[in-house]
Structure formats: structure tokens, C-alpha cells
Amino acid sequence: MSLDANTSGLFPIAPTPFHPDGRLDEGSIDILVERYLAAGANGVTVLGIMGEAPKLEPDESLQIAARFIDRMGRLPVIIGVSAPGFAAMRSLARSVMDQGAAGVMIAPLPSLRTDDQITGYYRQAVEAIGTDIPFVIQDYPLTLTVQMTPKVIRQIIQENPSCVMLKHEDWPGLEKISALRGFQKDGSLRPISILTGNGGLFLDFEMERGVDGAMKGYAFPEMLGDVVRLQKAGKRDEAHNLFDAHLPLLRYEQQQGVGLAVRKYVLMRRGFIASDTQRKPAAALSAAARAEVDYLLARLALRDARARL
Amino acid sequence: MSLDANTSGLFPIAPTPFHPDGRLDEGSIDILVERYLAAGANGVTVLGIMGEAPKLEPDESLQIAARFIDRMGRLPVIIGVSAPGFAAMRSLARSVMDQGAAGVMIAPLPSLRTDDQITGYYRQAVEAIGTDIPFVIQDYPLTLTVQMTPKVIRQIIQENPSCVMLKHEDWPGLEKISALRGFQKDGSLRPISILTGNGGLFLDFEMERGVDGAMKGYAFPEMLGDVVRLQKAGKRDEAHNLFDAHLPLLRYEQQQGVGLAVRKYVLMRRGFIASDTQRKPAAALSAAARAEVDYLLARLALRDARARL
Amino acid sequence: MSLDANTSGLFPIAPTPFHPDGRLDEGSIDILVERYLAAGANGVTVLGIMGEAPKLEPDESLQIAARFIDRMGRLPVIIGVSAPGFAAMRSLARSVMDQGAAGVMIAPLPSLRTDDQITGYYRQAVEAIGTDIPFVIQDYPLTLTVQMTPKVIRQIIQENPSCVMLKHEDWPGLEKISALRGFQKDGSLRPISILTGNGGLFLDFEMERGVDGAMKGYAFPEMLGDVVRLQKAGKRDEAHNLFDAHLPLLRYEQQQGVGLAVRKYVLMRRGFIASDTQRKPAAALSAAARAEVDYLLARLALRDARARL
Amino acid sequence: MSLDANTSGLFPIAPTPFHPDGRLDEGSIDILVERYLAAGANGVTVLGIMGEAPKLEPDESLQIAARFIDRMGRLPVIIGVSAPGFAAMRSLARSVMDQGAAGVMIAPLPSLRTDDQITGYYRQAVEAIGTDIPFVIQDYPLTLTVQMTPKVIRQIIQENPSCVMLKHEDWPGLEKISALRGFQKDGSLRPISILTGNGGLFLDFEMERGVDGAMKGYAFPEMLGDVVRLQKAGKRDEAHNLFDAHLPLLRYEQQQGVGLAVRKYVLMRRGFIASDTQRKPAAALSAAARAEVDYLLARLALRDARARL
């Protein structure tokens, strides 16, 4: 299925499952996809920062993409193709589209600074991968150190017709969403899908500011999907109640570096993946941290149920 | 009152109140102190980043410090004296100690990178202000971009007997607390007070990892004080219940740049200060953001009450 | 004398002379000015990064500015007023203009990233200091980490009529000069003076690209002035010959951190200042480094003389 | 031939030659190697930052490495294997060693900050590639933003017996060389080869501080080799005379971003490679810049000859 400016809903960011010895665990991909579908996912995003993409060999990346595409059936799969050079980006992008991916996601190089450098980079990237591949802008200043103003994002979208989506991960970022939606209202920006990432710490209000859904790696994707649906149905208080029940854990996951360890641990405890192994370099979870997550999970079970009453 | 390695409890980080035209509002300092004392504060910290210190003229800094010191009575006042050069740091530090401050807080210069640069900087700072002034290390990588390992912090403490406290604001930072307390257990670090800042987003677990209290600017200081007390009394679940009730707003405040606008707005709504004016350069609060904060405050009132049942 | 868009020639960046014990050495200011005038200076710039401005107390800054203004007579003195907040910037700017300064120099805050942030900052700065004070943009990415494109510089100039000069210190920066002069040719930019800094490492070609002169701290200001004059007179080879004779020392001075120590040492050896003392924090010169500078000075004497034959 | 702590002399950093359409130009590799050997090279370094390594596909990297190894005969070839993840690093390192490389070069990840992070990274890297592969530390703060103190470099060397060389590219860096050689004298550091990079802007004095040779990409490698030989022979003035003759061009090459364009242009003009094509993203050379380089080359011819008289 293709990706376009109307794409919405829940797109989990998938981790890459490994066996305890570091080999790819393809069986866990199958289970992960099953669980995502059960949680109401409308698609999935693979090989993002959370997918440990830079730690994979090129053949592995293709193998992982193929497996997800196969298991997701007709649902769209977005593949992260960010790379230091355009040769590798083009190669990966063309290969995964041939495999059946719905589109690709491109983050800016961390060295980009000025508005012109950023817009120029996206022009070159599109020239490299080809104008026929739908792509997603990843706007993640906290990790990438690249700051894109709403005007810069608008320029990228207007200059590149194959841009169909913004993965919004600015922090703080609520005003940015309002500014972009305002551009659409005043006619200076064509329609664009905005899914929001950034750990989901502001999903409750991001929905109210006008995003189309969530693209996040939080280990309870069903909560993300439900908050999206509740907000779209105008059930504001219910959405906040459910969201707030998860906020203590969501917040705990939002620790730079150690966050992925927390997520993989929770996903493993929930049976989404067989092992929480990460490839090096990686931050491990201490015994104290694991106990804290266990405590949060115990509290969460009760509070999630109560919020859904 | 003096500051030492046994200092604990609640030290609110005070904002600097301004009149709508940008002049200092000293009357609001008096009210602010009253409210802090009513909230159970054990001291206060003034002229920190949240206090808009770099936007003040030297005379104003002294004026603000004097007012807080006077109103706090016998309770300790910590003054932020971070500066690009040691001449200004020394001048401010000596002046506020003469006024009756309990100690000073020193952040590292943002340009410091290696372990040796950081420890060398603190040696020079102590030489500049004098070895008789108790000081607090401010460890705030997210804003200052300086990363101090536990070993570096230990070295600063061991090399400088006048260091009595760490303001812990690393993010993530739970393991750092455990590492420092571990150093004390193995005898390689002398006792030191650790108060935790960083917006309070992890105060619940930071207490369990061994900090002595909170040094934060959250607009409900009484919650911070109560969580500290509950945790010290071993009432873990009660502490988390109260903390979680505030987490949606606490999280909202934790937006780089706009966070201070949120705090001043809430403090104004609560009657702690007369106006939420900031000096330029400053990020303003949009109408949408104000409405979001109002919504969170309405929910908070109910949930805080329920958590205290 | 006032500063305007026609200002040109040699503006040495003055160091701040200290006695060995760290006190200001005002007597050395008098000698320094004498030497600058003898070297053909058309003005001087004070309290820049090289002037150790952040290490001074506010009263000292005013004292230094006053002394330079007094001694320079009718020649223009530019005062660096960069500050973390606008209150201090305004206070210093108004004071030095009252003392008789010709204009002020403003560097962007290191935290500025996007084009809009940068142009917004200059609008706010001009609002703060007043629109009646001629000011110089300092564009120094290597130290300040702020990258301004030619378009951003053009916008600052067009939005702020009181902007009269660019201190160009981008590295590499030759194309930036050509771009700005191109904007003037195509009518999209009003005339502006461009003096070039950045240690002078590219002064030879910067003159050919269209700058109006040099604003640098190199310890042989007469060479800078002579290269400017030779290039303006169309004596290209002579200009390069003289410049190349100094390049080994010029290059040696261009070491981040230790560069100021080299300059003050050479200025002291040449009798421009009485002591090469810097205030802390400062990088010192090792015995080996001093010997290297001595060796370069010995070679320079011969080569400068030969280049002038 | 193997790489060890006694390796010395001239190791040019090779660019990767491309055809005008962006394909690899293997024929130019053959010519390049011939010229390097004629210039007195003792080895060569391939796939460094200057080699546009991040813009290559994995197969191309292996192809380039194989070609250089084949043509260099018994002389050592060092391959840059820096990568965001250890899987790709290990894969490339093992492959090129099988092909006959003499060793590999590893740069730290740009995100590393504290001393412990840096030393930990090298331990993990060595664990990944295997302890049997001789490796070179690349210390290049200006581009990589990672600052390693002499103590950190010593720790890496002492902890990893397979570390045989430091590529020194700190700026400023003269004191670092003296500090490391001092560690060897006081017995706290085992012998290590130090070759110096950083564009060669300080090669004259770096030799006097104790480096073993040059690992640089300057387009006149014969000058680098001759300066190394002259300094080793104690001919200080002759070394400086030759070096100074090249300094105007060397300085011109040292422009971040555009530097590689200058180098490839000069290498093309000298017949070392057939085309100066770079892969995107790349900074191009303007007509004005090309004319400036031509002017410098014309002057250089005369001055190099005179220095060798």
C-alpha cells in the first residue's frame, strides 16, 4: 500500500529484535507484527534510530525490511534510509521499494545548520533516491541537533512533491504543529500528513494541535492507538485519562540512551520479542532500573484498567 | 544559616519577578518567600538559569539576592554565581556572602569538554571566589552541554573541601545518583548533599536512589516537599500517587525554552507572583498553550486532592 | 568620529592589557594606541573576544572603553557589547556611546541556530540598545558556533538601518564575501562596510574579494595595514609577498585557545604592552612554544624586510 | 607489510578518485599510487574522511581497498574503518585485513564526550574487530568534535595492545605531542608511532615536537616527505624554508568543507587523478576560487624551487 498525504493513525516504530548472541531474530519480527496488528496499527516504521539501524550490516537491513513488508501484508511499511552519503541512501531506498515498502524516512545530517543547508540537503537526497519514492521528513532536533523551522519544513514540502509526511519530533513542538497547520489554512502549504514521535510525551496535546496520528516506539502501542482514536472521536477527557495512566512509564522510557533498553525490556516482558538484546554500543539496564520498570508496570496494569472503565 | 553536606529537603528555585514593563518586582519576592515557607521550604536558590540571571544588571542581582536573604530569615539562601569570567564570579560571590547568603552555585562553562578541563575549571573557580565559601556543583548537561561523569564529580568534591552539595540535573541521571552513593559506601567519596533538579521529572525515583531532597522550580513546591517527606517516611506508594497526579503538568513545564513561561504563568495564577513577565530574549506562551495549562490545572486540582486521601 | 557604511582600512582588535597581578594596566593602553596610530590604524575595536571582555567587571569595561576613546582622539572606537542578556547589553552600549564611542559590535548568542532565530535576535538587540547606535555584526562561527548565511546577513542589514558594518570571520569565508558584494550589485542589499577578522589567515584574498579592510588582532598591525593599502593600489604581487612573509607567524597565532597567549607575548616583546598577562581562565604558553615564537620572529624580521624591498 | 609502533615517514591520505559521472575511477588509483611512491611515500591511508568514505557503498569500499593494497606492493596500507556501528566496522576491518591491509584507523563517534565514554568506545571497538588487527587512533576534534586529552590517549594505548599509532590531528596540538612523548619518557606510556595530519599546517613544528612523520592529504606529498626527512636530518632552517614556500597553498587547502575540492583540483592539475569529481554532498569550487588556486600554484612553483636551492 502506498503512503500519501492522507496517511493517519498508528505507526509503531519497530525495534530490531536480536538473539542474545547478537544475531537477527526474524521469528520475533513475526510476533512483533502480529502484536502491532492486534494493537490496531495502520502501518509500521522500520530501521529508525530505535531500530538500531546504524549497527546493522547492509544485507541485514534488507533482510529486516523484507520480513516486515512480507508480514504486514497490505499495510504500509516505512523504511528509514538515513545515511551519511547519498550512494548508500539511494541503494537502500531503491532496494526496499522494490521489496514493496510504502515509502522511506530521511533524517537530516547532524552537521546541517542553516536553513539553506537543510533545504539543499533534501533536494539532493530526493535527486539521489529518485522523485518517485514517497518520503517522510524526520524532524528530531534533540538527537540530530538539526533545527528546522516551520518555514524550512514548508519549503522542503513545497520543493519536493514526493514528500508526503512529517515525522514530528521537535521538543518542544506544539507550536510547530499549529504553525504548519496554519500554513495549510492560509494556502501556503499543501496538505501533508503529520505523525508525531518523540517518545509520545506530548501525544495528548499533539492530537489536539492537529497531528494525524502517532509514530512512536512506546511499548504499549495499543494505548497510542486508543488515544489517537479517542481524540479523533472528540473524547478529550477519556483520551487524557488513558494517556495519564501511562505517563509514568512513558516518561521513564524517555531517557536518552537508556530508553531503548527500557523499551526492549518491556516489549520482552510483554512477549512482543524474545530477548531484549541490543547490539553494541548500547546502554544496559541496571538491576535497580529493571526493578523500577517492574514497579511501574504493576501500577500501570491497574491504572490502565481504571482509565478504560 | 550555613550550607553543609547534611543539607536536605526542599529548596525551590526562585524565578525573578518582573513588573509588566520589565522592572524588578521586589514586592513579589516577599510573597514568593511567604509561599515557599508555607510549602515547607528548607531554603531557596536564587539567580539560577530559571531566575533569568544573565538578563540582569549586576546591581539588580545584588538587590534580588539581598531581598531573598532578608525575607528567608534564618533559612539558607543559595545564590547562582555562574559567569563567563572569574572576576565577575568572585565579585558576586563575595558580595552575596557578605549579605548573608549560605552558599553559591557554580555551573561549568558550556565550552568545557574533557574531564581535566572540568576539574581544572572548578579548581580555578574556587581559587577565585575563595576557599571559605560553601559551593554547589550544578550538573545540567541538557542545557549546559557539559557532561560530568560520577568520577569527575567525585574528583571535584575531593579536591575542593568547600564543595558541600551537588545539584543533580543530568538526564538520564538515576544511575549517576547510585554511582555517587556507591562511592561514599566504598569510602572513595566523602559525604555530600545531593539535591535534584531537572524539572523534577524523575523525583519519585531519584529519592529512592538516595538524593536528599529537591531543588526545582516546579510551580507546586508543596508537592515536591511532600514527595520528599513521604519517600523519607518510607511511604513509597503514597509518594508515587501524589507525584503521578502532578506528572501531566510537570511534564508540560519541561519544555526547553517555553518552560519558564509556563512556570511563571502558573505561579501568577496561583498568586505567588504578580506578573508572568520575562525579560527578553524570552519564549512567550501562545493562547493555545495557556488554554492547555488551564486544562491541566483543572484536572490537577481534582487529582491532587484524590492522591492525598 | 562616527561609523558608517564607508568605513574602511585598518581597525586593530585591541587586547586588554593587565599587570602581572591581574589588575588593568591603563598605561599600556596609551602605548598600544600610539603604536596602532603609528601603524596607520584608522580606528580600533575594544572589548572583543580577544579583549577578554567576559573576564572583566562592568566598571572595568567602561574604564577601558573610556581610555581608548580618549587616546584615539578623533578616530573611531568600536566597543564590543555582546552579552547574554539585553539589559547588560543596553547598559554598556548607551554608556560607551555617551563616552564618545563610534559604534558597537554585537555577536549572536551561541545558542541561536535557525535563520529566524538569528534575525530575530538582532531585531531584539537593536530594540534594546536603541536604533540610534551604529552597530557591527560579528560573524564568527568557529568560536560562536552560529552560522549566518549571506541571506541572513542581508536580512539583518535590511531590517536594521543602524547596521553599518560586518565583521567577517567565517571560515571558510571567501565565497560569502563575493555573495554579499553580489547582493549589492543586484540591488538587493544596501552598501555596507565589510572588515575582515578571523586572524587574518586569508586577508590576501579577502581584499581581492571585496572587503574594505582588516579588523584583526595580529601582533604586526602594520603588515595588515600595508596589505590593505597595496591591494587597494592594485599591487597584488607585492601584497602577497608581504603577506606570505608573515604567514608562518600568523598561522602560529591562529591556534584556538592558545592564540591570545601568543599575541600578547609578541606584543609584549614588541613593546606594545608591558606584560603578556591574561586573566583566568586562560591558556598559557609553554617554554617550547615561546621558543617557537622566538624562532618565527627571527625569521620574520628578515623576510619582512626582503618582501618590502 | 605490518604496521607497528616504529612506523614512520610519509603516509599520504588518499582521495577516492571518481569519474565525472560519479563512478569509481580505478585507473586513477594506479596513477595516484605511482606518484605517491615517486614522492617517497612509506605507505598510504585509504578511506579516511578525505577519501569520502561515508559516500561509498560497502562493495566499493572493499574494491578501493583491494586496489590500493595491490598497487602498493609490500608497503603498508591503512584502511579507515570508522562506522556508526560495530557490525559494519568489524565486517570492513576483517575483510580488508584478509585482502592484505597493514592495519585500520578508527575515529571516535562524534557523540562521545567524557573520558570514560571515549576509552570505553575503543575497548568495545577492539573487542568487535578482534585484538589481532593493528589499529590507529584518529584524534581529530575540529571535525569529529571529540576531545581526547593526552591521558585518555595514553589509557587507550595502554589498555589495547593492538594500538600501534596515533594519527594526531588536534588543533592546536603541539603541546599534546610533547605531553605524549613526555609520558613515554617517564615510563607511563609504551612506545607508539605518531603521524600528524590536520592538513599539515603545523608540520614544521610538529616534527620538532617529536612526531614520526606525516599522514596528510596535501596535494604536494613530496614536500611533506622532504620536510620530514630534513627535520630528521637536523636541517631545521631548510625544513622551514621548504615548508614556508608551500604554506600559502597549504593554508588555502585548510578550509573546512571546500578543502577537499581544492585538493582534488590541484591533484588533477598535477596529473595525479583524472578528474576532481566529488560525490554529493560536496562543496564545489567557484571560478574565483579556481583562479586563486592557479595564482598560488604559479607562485609556488618559483618559491619551491628557490627553497630547494
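Labels A, B, C and D are assigned to the chains in the order they are written; within every chain, residues are numbered from 1.
Just so it is clear, a contact is a pair of C-beta atoms (placed from the backbone, for glycine too) under 8 Å apart; a residue touches a chain by one contact, two chains touch by 3 or more.
None of the values given here were measured: they were computed from a predicted structure.
> What chains, if any, are shared contacts of subunit A and subunit B?
C, D
> Give the label of the chain whose average Cα location is farthest from that of subunit A.
C
> Distance from the CA centroid of subunit B to that of subunit D, rounded to the nearest Å?
47
> Would you kindly tell me how far, in whole Å, the mean C-alpha position of subunit C lies from that of subunit B?
Here the centre of subunit C sits 38 Å away from the centre of subunit B.
> How many Å are there between the centre of subunit C and the centre of subunit D, using C-alpha atoms for each centre?
Roughly 34 Å, centre to centre.
> Where does subunit A touch two or more other chains at once, residue-wise?
In subunit A, no residue touches at least two other chains, as defined above.
> Which word fits the touch map of the chains here: line, ring, star, complete or other?
Complete.
> Along subunit D, where are the residues that touch subunit A in the complex?
Interface residues on subunit D, with respect to subunit A: 52, 54-58, 60, 83-88, 91, 109-110, 121, 124, 128, 279-281.
> Tell me, which parts of subunit B touch subunit A in their complex?
Touch residues, subunit B against subunit A: 171-172, 174-175, 178, 201-202, 204-205, 208-209, 240, 244, 247-248, 251-252, 255-259, 286, 288-289, 292, 299.
> So in the complex, the part of subunit A that touches subunit C is made up of which residues?
Touch list, subunit A to subunit C: 113-117, 147-149, 151-152.
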